[in-house]
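A, B, C and D are the chain letters, set down in written order, and residue numbers restart from 1 in every chain.
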Amino acid sequence: METNNKFPAPQVKFTLGSGPVGVHERVSLALARAPLYHMDPDFSDIFRETTDKLKQIFGTRQDVFMMQGEAVLGLEAAAANLVEPGDKCLNLVSGVYGAGYRRYFEMYGGRTVELAVPYNEAIEAEAVEEILKREGDVKLIAVVHSETPSGTLNPVQEIAALAQRYGALTIVDVVSSLGGMPVATDAWGLDVAVAAPHKCLGGLPGTALMAVSERAWAKIRARPNPPRRRYVSFLDWKDGWLGEGRFPFTPFVTQIVGVNEALTMRLEEGLDNAFARHDLAARMCRAGVRALGLELWPARESIMANCITAITVPPGLEADDIQLTMNRRYGVVISGGLKDLQGKLLRIGHMGHMAQPMYVVVALGALERALHDLGYPLKFGAGVGAALAAMDDGGEGNRTVSIYP
Amino acid sequence: METNNKFPAPQVKFTLGSGPVGVHERVSLALARAPLYHMDPDFSDIFRETTDKLKQIFGTRQDVFMMQGEAVLGLEAAAANLVEPGDKCLNLVSGVYGAGYRRYFEMYGGRTVELAVPYNEAIEAEAVEEILKREGDVKLIAVVHSETPSGTLNPVQEIAALAQRYGALTIVDVVSSLGGMPVATDAWGLDVAVAAPHKCLGGLPGTALMAVSERAWAKIRARPNPPRRRYVSFLDWKDGWLGEGRFPFTPFVTQIVGVNEALTMRLEEGLDNAFARHDLAARMCRAGVRALGLELWPARESIMANCITAITVPPGLEADDIQLTMNRRYGVVISGGLKDLQGKLLRIGHMGHMAQPMYVVVALGALERALHDLGYPLKFGAGVGAALAAMDDGGEGNRTVSIYP
Amino acid sequence: METNNKFPAPQVKFTLGSGPVGVHERVSLALARAPLYHMDPDFSDIFRETTDKLKQIFGTRQDVFMMQGEAVLGLEAAAANLVEPGDKCLNLVSGVYGAGYRRYFEMYGGRTVELAVPYNEAIEAEAVEEILKREGDVKLIAVVHSETPSGTLNPVQEIAALAQRYGALTIVDVVSSLGGMPVATDAWGLDVAVAAPHKCLGGLPGTALMAVSERAWAKIRARPNPPRRRYVSFLDWKDGWLGEGRFPFTPFVTQIVGVNEALTMRLEEGLDNAFARHDLAARMCRAGVRALGLELWPARESIMANCITAITVPPGLEADDIQLTMNRRYGVVISGGLKDLQGKLLRIGHMGHMAQPMYVVVALGALERALHDLGYPLKFGAGVGAALAAMDDGGEGNRTVSIYP
Amino acid sequence: METNNKFPAPQVKFTLGSGPVGVHERVSLALARAPLYHMDPDFSDIFRETTDKLKQIFGTRQDVFMMQGEAVLGLEAAAANLVEPGDKCLNLVSGVYGAGYRRYFEMYGGRTVELAVPYNEAIEAEAVEEILKREGDVKLIAVVHSETPSGTLNPVQEIAALAQRYGALTIVDVVSSLGGMPVATDAWGLDVAVAAPHKCLGGLPGTALMAVSERAWAKIRARPNPPRRRYVSFLDWKDGWLGEGRFPFTPFVTQIVGVNEALTMRLEEGLDNAFARHDLAARMCRAGVRALGLELWPARESIMANCITAITVPPGLEADDIQLTMNRRYGVVISGGLKDLQGKLLRIGHMGHMAQPMYVVVALGALERALHDLGYPLKFGAGVGAALAAMDDGGEGNRTVSIYP
């Protein structure tokens, strides 16, 4: 696809995909500060402060730590530390990320039972309970809260409650929900929650944000030979940083300063306000997409996540063409589908700093133009107009109600 | 006016008024570099390089220098250096800025003749010629190329040609046109052209960008006592910096680095491309505004400037309310009217980095919302839609034709 | 002078001259924030906040404002606003800057009386009183507090007291003293005090920081035709910004944000701590210079300013060679002499952020190397060693005693 | 230890330890650029460009990739990918890092043979050959090029040649040598070389820089079940990024931009110039340390690494006290000893941007002060003076000779 000469090259880029997305200048400029030596007491103070803020955001009084790697490091590490050979593990699959977790269970010796639903659906708690009852000895349950590749949300609160009742521990991927939608680690009884800075928290990729319950530590401590002195080890952080205030290896000093700034901004804004903001952006975007005659991918509104809007690529068009046109002609970057969903979806992110009404307008404006350029019939302004109108509709109470007293 | 709770506080601000407007991160980050001592030869290199780039942008091989103050310093200085007591000065008035120049002529002893048209009109060359012929001995003509407060453009090329023919020197305010619309200092024969970085050039306020012709220097040199060792002195820069490479006083070292980066970006983009970009943004905005049932302030399309769109405030609404609603609820900053036009206009800038289709969409989206919030009846998406549609119309040839061979 | 190949090119530059000097990253990164529209209420808040901090630093409850230009704009403006044709004006000259003020007095019609001392000396209050008594009707006195080109300090407190007694107004250049040495505008009774951000305040050049007394306003208001609607006008700021909260023209929005950050840092540190820091750096530097067998330029220790150390160039060497060697080989930038003192002096700044013991060590280390490279006999480490030793000597009480209760 | 009131709190921090150390503003400001989506083709371009530059710096035409974690991830991954259960592995130990590698060999099933020398010594090639001959079937050899905790250098070129002769693969830790001292991956025949940006390359921690030979890939491909879809997997990068240009998971987009800038600067400077710069800084530092009567930790000059100077803590003093005094009073951060060497050493880094003569002066100046404050007898200036004098000595040819034709 050629970019037509009549369109001046965009001088700016709006990054509005599945993450990393654009960040606030406060976060960017925090990264430009002179790096500290990681053993400088001033850096320890920053690391501790960041962890403390993270506890508030996770809604936990149990342990929180930051692994020095991408979110997938934290997800793999959860299995590496918790799975003992032979453990029966329930993997809940409602999308690409859920499906992928099976490999971690098996890599570390777990026997996997799987509950799968179509990728435009959400897990139902009843089905989970049925399996837990039937299997009897499930030790671990893995579930993705917000399935970014599908734009859907699983009922983690209910699933975690069942896990507690049936004696299983939960490994919960809250990577794209934390900070943008309610996550209440302690109140819901999550055992290992894994997040990342570069989705709704408004930071950059490079850190796996970990919350670990006492129940989880007990299972790890009970193992004959849990991972130690390895990149995936939880105990290196528990005994090292949380214990003696000593890093197991050089942490990403500058990245941590950026995470700290993002968390600071989030707490200054207030979590509830941030949830409302993500909810508003998502509602606007859905309204706009529908008004353009496009279909939302998730089966129903009630299972849609507020961090990202997944759209079915209309017949006759290629996702790649749409994305490239939006990027090259209009400077707007959105995401396509992942793995099984490649070529089938377009995804517009409403995450962190970019979960703003005016960025929804930008995304829809560029989408309208690109669809038009590629021959899709539409009335210019229909999508943006519906989004603007949706601001008056008011949020759905259940989404924005506070879980933080 | 209270901001309603249902609108989450904007986390970002789009600055889209009459300047300063938002700038590219390259410009912002250039300002964050460690400052140099102004007598460090490395700084002299930067200053010289910046001046050389500025020559290309002004389209001149005559002298260019940067006064260390706002554009008004350069405008006042033009009179201070060129006007001799008793000089007959023709002031061309088609807006607030044009009207304001009279004070400089008179402050420095000029006898002013004025040609004024309504503030939604442009000067006509014929009327100028009539005066020049009638008066016979006009020494100086002051004219504003782009009347930012009115969103209009004066025919500077024609006026400058008349000035040459009738033996007058021109003082031309190209503050909001340079870099966004064709300005050909030498080809048009401008004598003193005054610009600033913070309009179409994509920089920050703090510098008066000056192009001065040999004819102008000759008039200054012929004066018995031209300004020297004063803040308004041209000769301090001519003899100091342009002569001996010595600054008359400490220049704004960091600001200059920012100007240099903005000019570098403009030359990398190509001036013609930048003109096309400003033209496109302006055409989109005008189409959007009209589609909302609003009136453009300038009397006709042919005199509209591409750097800013001036809109008549619709009856029953207050400009302040609209601006404040856009700012506080939607994070979008536009301008109102100045002085005589206060309360009468809204103005949306398309300048420098912000002259982008997607920023026009943002401005119109927020304008739609604010008008609606304040009770103005509209169909959401009408403005944005018309703007998006206007991208297919093609520019008017005469605006974007290159003047740089 | 050729740079020898054996010296790797410096990868960093230490700017330690007479200003601008290096600034803290907080100041640099403040400049990288997105610019605001100057009529955005959020910018007005920043401007007001900056002015309020400046009042604390000036030690005044009278008016403070920020002119949009270099310090020399403020100095010229003081004369432009205060001098009425025929006013008898006393110009106190102990250096290049003092000598230069005469032109402002005369440019605006003042009749100048001058008291001059050699440029390595300071004005004595007794001599000032003698003139005031003798002349009888002196209306204005101009004095430089810290004569940066000479590294000396004048007894401004005593001179201002005399001015009050004899009915004259004072115009005081505190450009290189404010923030680094005590300046008590109200307690000392200064009428117009002019400062700048890029010396001891740790900011960048581009702003003239003005404190104006009620007495000064009274003289201006009593003039038949004080400057208005001009770049040098005080009343434009008094009636505009201080009156209606309206800027007379576009202020340097980004520069103001930088000034604000520098002032914030200074108040966080505490003025007394900052004075002690400048005093320490200056004492270290003097001790180091003397230990190298070099002569300090000022006649006596008691008149030396803490912001800069002026050194007599040793016989047989050229100032330019020393500066260029320090710059090109060792990455260290210091200043030479100005105007009458050109070629005679080297000057090492201890200003703002750079007034740190370790930067004194850098300056002296590079000076030792450059002197050695150019054939001056010295024992390496002698200068730095004496500076390090001087840290134990304790400051002179009279310099660091607090004037802020 | 209390900080005495007579010392003003440092306003700046010089980070001069074992890494992370201070970085150039170009690197810092690169991190402040708006993040890109990792699937944006513009980001792929940056990633590819960074990898290409890295090849030049590694001196290799074989594969180079960037793992998204700290250097220890790369080191662990080397074992995870290369060690097959039962492989005989030779671990060369001349310091804390060398000693630590044993665990990786054993964790992944290797049978370890170890050659250890005291931690102030270097491995000798003859002893290595003896073992290789004796054992006959060594498959892998792990060696640390620059033992940062000891400040020593091992003869990696000779060891790699032996490995080739005896059919073993090498895993070489060049973390603190790459960019500061010659490393010629292909010419020396290294199989897996692991580096990091935050030592001599002048970047920030967060990336493991990997060079992998064809021989190494062959061994991995020959394994029945090499690591895949795991954080330590090499093949995920080989098949993903190097194969299809697809990232196995979200890379640290901003960090990569910083690495790119650091590598760009290094190539602009020229590797040989950078080596000379590190050599000069190290020679200056050693001379200064000796002049203070302190002992260098490594047994001989010929095995000292140019990236860091390791100093034996003098009797009667505590390393912690010295470090804290330098940090809190003088703003200078250096390192102490690690693990077995804790409390025994002080270490001053000369890495990347901080490998500058004037930073050596700062480190020694602060060290002199801190030693004095704690009662160690010294003549101020002795250390700095010796360092300054050492600039005239000239480098040792063998260190700075170019290996890049």
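The rule is simple: a residue touches a chain if its C-beta (ideal position, glycine included) is under 8 Å from a C-beta of that chain, and two chains touch if they have at least 3 such contacts.
Keep in mind that this is a model prediction, so the values were computed, not measured.
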Any chain in contact with chain B as well as chain D: A, C
Chain pair showing more contacts of the two, B-C and A-B: B-C
Whole-Å gap between the CA centroids of chain B and chain C: 35
Chain A and chain C, separation of their C-alpha mean positions in angstrom: 53
Euclidean distance of C-alpha centroids - chain A vs chain B, Å: 45
Contacts with two or more other chains, residues of chain A listed in rising order: 29, 32-34
Touching residues on chain D, where the partner in the complex is chain A: 13, 15, 17-23, 28-29, 31-42, 68-73, 76, 103, 107, 198, 204-206, 229-232, 249-255, 258, 327, 333, 335-336
Parts of chain D lying in touch with chain B, wherever the complex brings them together: 25, 29, 32-34
Complex contact set, residues of chain A against chain B: 6-12, 14, 24, 29, 32, 265, 269, 273-274, 276-277, 280, 330-332, 353, 356-358, 361-362, 365-366, 368-369, 372, 379-386, 388-389, 391, 394-395
